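See the structures that follow.
You will see chain A twice below: alongside chain B first, and alongside chain C after that.
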Partner chain A sequence: MELLEFARGPALKVALVVFCFGVLWRLVGTVLLRFHPHLSVPRNGFFKSFMLGLAVAGSRSWPYRRFIVRTGYGEALGYSYHIGLFLVILFFAPHVLFIKSLFGVSWATLPSSIVTIIAVVTFTLLLAVLFRRLAYSVLRKLSNFDDYFSWFVTTLVIVTGLMATAHFGARYETLMAWHILSFDLLLIWFPFGKLMHAFYIFPSRMINGYFLARKGAPS
Partner chain B sequence: MSAQSVNATTAGKVRAMPADLQGDLSNQARVERAMQSFAMDYGAMTALRLESCIHCGMCADACHFYIATEDPQYTPILKVEPFKQAYKRESGPFALFFKLFGLKQRVSAAELENWQHLLFDSCNMCGRCSIICPMGIDVAALIEQARRAMFDAGLAPAELYAKARHQQQTGQPESSSEPYLEMLKAIGREFHVEIPMDKSKADVMLCVPRTDIEHYPKAVAALARVMQHLGVECTFRSEGLVAENYGYYAGGRDWQRRISLRLIEQALACHAKVLVVPECGHAYTALRWEAAELYGKPLPFRVLHVTEYLAEQLEAGRLKLHKAGNGEVTFHDPCQLARKGGVMNAPRQLMQALGLDLHELENSKAFSFCCGGGGGVLDIKRAAPLRYRTMESKLREVDDTGAGTFLTSCSDCRATFDDAKAHFNWDKSTHSLLEMVADNLG
Partner chain C sequence: MTTAKRLETIEDVLTANGVSRRTFLKFCISTASFMALAPSMSTVIAKELLKARRPSVIYLSFQECTGCLESLTRSYTPSVENMIFNMVSLDYDDTLMAAAGKQSEEALDTVIKENYGHYMMVVDGAVPLGNGGVYNTQGGKSAVQILTDSAKGAAAIVCVGTCSSFGGIPLAHPNPTGAVPVSDIITDKPIINVSGCPPIPAVITSTLVHYVTLGVPALDAHHRPLAFFGNTIHDRCYRRPFFDEGKFAKTFDDEGARNGWCLYELGCKGPTTYNACATTKWNEGTSFPIESGHPCLGCSEPNFWDRNGSFYAPLAAGLISSVAPIGEAAGAGAAAGVGTAALSRLRNRAKVRQRATEKQTSKEE
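Let's look at the complex of A and B:
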């Protein structure tokens, strides 16, 4: 079996299975634990607290003006590479074709040259993200294997994708195989590390927001 | 009971710090107890909070301990790192995976000892980090849970442990020259106000911060005077006088419960409809938001901070106030009341009714910086130098308002600012909003 066939055949299937079951297992193992009863009389009732919790799910996407001087750079960096990743993943024609082959749905794409530029910018931003994690003492102290490995698997997909687009370093089929294998690796690692924040972010904001709103506390 | 020990080596990611120990436990027993205790509070919320962190470090940008020192060990989420580590290794959905690949090390007793400084000396549980977190994690709730685990492992700061123990046994956090009951009566005589005591039936039960009894007797008299002015059937109860809850500070779950029960039982005994929490922030958290959980059922009476109660009376037209004539004032929002408790409008309603020209601090309401003494930090002697560093910017904020009068509605905040006044030769005194209300009754 050719490496490319392996990458988009059995390896991808295994990766998707690990991804799906892993994500489900981690979510279930977290959210299906017992919620401790809150017996104090709430300041806001369930509906209002729920709606305020929902609002927090969105409002925390934008930093409070009060903090932006200190957090603006990190947030701008974070948002920029996330947007870059989304654009590359969702609007590069070969990706859309790949998604169509898997799920049967497709949508409009961006020109390859634009996507390539976005990918290069995203890669540069990811390097800046790594530099910041190493250079900023708070992040350096907080960081562990998960932080660096999650960065590595994300960046690897971008790098191999750029190499395949540029036909750089090996035969196109080999480059494609590397690209798909790096994506398989990302899928496999996804449920175990911090990439899971993609699934946790909104429930976490909403539920924590709900409990703050219940007390009438600012959220 | 309390012994000082200094770790010879740096364990984990933070500097070795002196730690107080209680009990004669082996290192292994301490770790086991801490983890068992933390697990007692495990639930979906804890798991969600621990799982969601993306190590973005933004919580440091909200924390006055980090802002003042730029020392990364004061990053709020790092303060629960041993528990996060233990959760992922022992209890999380992929515990087996983390253990198998050695991605999470076993937590050591030395690490826990080092973390005492982070969880107690350098955290006011003020919740400012909970407001900034882009994942919405209530970091302060995790820290409170971690404090409980440390307490159960015999790793609470000596001062907090001693006061919590004394309070759960006697009702007072420490011995006094004479019992608080007598001191209250003396305050009544000194300020010519009736101190209603041990009535068998009252609509409102009152309690008092021991900080006020010992340092701010006028605030005690103010509470009694305002209630008298309102003509409310109210009473203090000699068996439940003290509002503070050192069990909450120290992390002693059972002691916190016992201390809260003392007040709950007295409120039930006098058939109170309302328990008025005096000017004490953490007493409000302990009674308003945590007592029912520890009691095991909803409390059959309302718990209101005194400013909330007075604002209600104001709205109902029962409380009439003169214009105070103090001109420009500024106000410190106690964290436990404002950011963690939702009491932000009531003090401002009262200030408005007093005709005060309020100059808000640069960081107020949800964003207010802690006074620096909350969470029991004021009581921990070794924490004082660090606390003073964190307070410098807060004092500057007060000065920058240009207001002549500085008000707050928490006696511990007031005591912390007055301590800083002595330390820094600061030219401002901190005043009680309640006292100002009592001085201007219509």
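Let's look at the complex of A and C:
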């Protein structure tokens, strides 16, 4: 079995199995955890609290105006590379074909050259994100292996993808195998590291907002 | 095939056939160009060809469909490639030769004996090893025996076609005859693989010329001449701009197909296939499969019949036959989540009870 076949076949299958198991395990386990009982009388009903929770999920995801000078750079970086990642993952034709082969759904794609430019920009932003993490002492002290490894597996997928597109460094099939293997690694790491924030971030903000609204302290 | 009087050098043959110096030099220049050699190498080829002895060639056919030989005989005729047949002495080819049976076997023995250590072997077809090699026999000898015996005195072996180079279709799953490529059996001779199903005629003949004039050409990891197998079909495909623009044919009869857009989504294996189809083309440079509207099958690559899933599955598609295990894993994950949460709640309840008991005890004290 060639490396590319291994990457597209058994390795991908194992990675998807681990990913699905891990994500569902953590999501269901977290959702079913016991919440602290609220002993006070609810200030808002379920529906209003729910809607306010949704609003909090949105408002807390936007930079806070008073701190914009201090946090703006980091937030702009974060949003930019996330948007870049989404565009590359969801609108590159081979990626859509990959998704179609698994789930049977597909959609319009962007020209490969545009996606390549976006990927290069995203890679540059990821380097800036790492530099910022290393350069700011507070951020550096808050960082652990999880932060760096999550950055590594994400960046590795982008780098190997760019190498495959540019046919740089090895034969195309080898580069493509590296790219898919790096994606397999990302899938395996995803549920157990901070990449899981992709599933947690908005529901957790929404739930916080919901409870605050129930207590009569919507923000 | 074994002529009564063999002309000594290629120059002798060319002179005897009335080939002009201009025609000969044009041939040398085009050969150098085919092989992506420096322009100055055409003069080297010319000098070497003129003084080279016509090497004796033994063409052996094993598990094959004769498509490779068909391809070779459709070399641009009458053109420079056809001259190659005047430059080598094709002394044994059981498909082309007039002799048959015992006479042809004697011819093979004679050629080997007379040219021991100097002849070139061209092999077409995979070699079956299953059940002692009974699936392919000639004159009571198995293919593996003929190959082993003939290879002993060969200067080099050129494997023509994917079957002899990598096993090809005979090696495809479930490989009932135990077919293997030549390189699995012969390990002590220079082997040049000219793969393809079939290979491009000009690639076969140019490789032979290179061997006659300059020796074994630069080879890739699969022992294929780099000059022809150094780039992927995708790299040189005229439809590549459509790939870059994200314009793909979705079916064989949609607007994209009619407009000649990229066939990647229809399973084209061009990105992982190394061959000269997109540049040298077929039928006197007329076209190649992609130009005719069909995706590349990747026929010049090892294990081509079984690799990459279906011929019509895109390269980017996962090679996962069933998503059931993934669904089962999701179900198991959800169950594990329920279990973990239940365990957490039980522990939490036990802690609350313990705290209440401790509080009660401290109050009583």
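We adopt the following convention: the second predicted complex is superposed on the first by the 218 of 219 C-alpha atoms of A that agree within 3 Å, B and C clash if a C-alpha of one lies under 4 Å from a C-alpha of the other, contacts with A are read in each partner's own complex, and residues count from 1 in each chain.
Here is the rule we go by: contacts are C-beta pairs under 8 Å (C-beta built on N, C-alpha and C of every residue); 3 or more make two chains touch, one makes a residue touch a chain.
A quick note: this is a predicted structure, and the numbers were derived from the prediction, not measured.
**Student:** Do chain B and chain C fit side by side on chain A in the superposed arrangement, or is it a clash?
**Tutor:** Overlaying the two complexes on chain A (C-alpha atoms) leaves chain C and chain B fitting together cleanly.
**Student:** Identify the partner contact of A:Asp147: answer first if only chain B is touched, second if only chain C is, both if each is, neither if none is.
**Tutor:** Once the two structures are laid over each other on A, A:Asp147 reaches chain B alone.
**Student:** Applying the document's definition of touch, where does A:Leu33 land relative to chain B and chain C: first, second, both, or neither?
**Tutor:** In the superposition, A:Leu33 contacts both chain B and chain C.
**Student:** So in the superposed three-chain picture, is A:Val121 touching just chain B, just chain C, both, or none of them (first/second/both/neither)?
**Tutor:** neither
**Student:** Going by the contact rule set out at the top, does A:Leu156 touch chain B (first), chain C (second), both, or neither?
**Tutor:** Neither: A:Leu156 stays clear of chain B and chain C.
**Student:** After superposition on the shared chain, which partner residues are touched by A:Glu5: those of chain B (first), chain C (second), both, or neither?
**Tutor:** It touches chain C, and chain B stays clear.
**Student:** With both structures fitted on chain A, tell me whether chain B or chain C touches more of chain A's residues.
**Tutor:** On the superposition, B touches more of the residues of chain A.
**Student:** Report for A:Trp25: first if it touches chain B alone, second if chain C alone, otherwise both or neither.
**Tutor:** Once the two structures are laid over each other on A, A:Trp25 reaches both partners.
**Student:** If you stack the two complexes on chain A, which partner ends up touching A:Leu185: first (chain B), second (chain C), both, or neither?
**Tutor:** In the superposition, A:Leu185 contacts neither chain B nor chain C.
**Student:** Given the touch rule stated above, what does A:Arg60 touch, chain B (first), chain C (second), both, or neither?
**Tutor:** Only chain B; A:Arg60 stays clear of chain C.
**Student:** Note down the smallest distance between any C-alpha of chain B and any C-alpha of chain C in the overlay, whole angstrom.
**Tutor:** Least C-alpha distance after superposition: 6 Å.
**Student:** Output the chain A positions appearing in both contact lists, the one against chain B and the one against chain C.
**Tutor:** Shared contact residues on chain A (touching chain B in one complex, chain C in the other): 25-26, 28-34.
**Student:** Within their complex, state which residues of chain A touch chain C.
**Tutor:** Listed in rising order, the residues of chain A that touch chain C are 2, 4-5, 8-9, 12-13, 16-18, 20-34, 93-95, 97-98, 100-102, 109-115, 167, 172-173, 176.
**Student:** For chain B, which residues count as touching chain A in their complex?
**Tutor:** Touching chain A from chain B are residues 13, 41-45, 47-49, 51-58, 60-62, 66, 70, 72-73, 75, 77-78, 92-94, 97, 103, 127, 130-138, 288-293, 295-299, 302, 338-342, 344, 363, 365-367.
**Student:** Can you list the chain A residues touching chain B in their complex?
**Tutor:** Residues 25-26, 28-41, 43, 56-57, 60-61, 63-64, 66-67, 70-71, 74-75, 78, 136-147, 191-192, 194, 196-197, 200-201, 203-209, 211-212, 215-219.
**Student:** Please name which positions on chain C make contact with chain A in the complex.
**Tutor:** It comes out as residues 232, 234-235, 243-246, 248, 264-265, 271-272, 302-303, 307-308, 313-320, 323, 325-327, 329-334, 336-338, 340-342, 344-345, 348.
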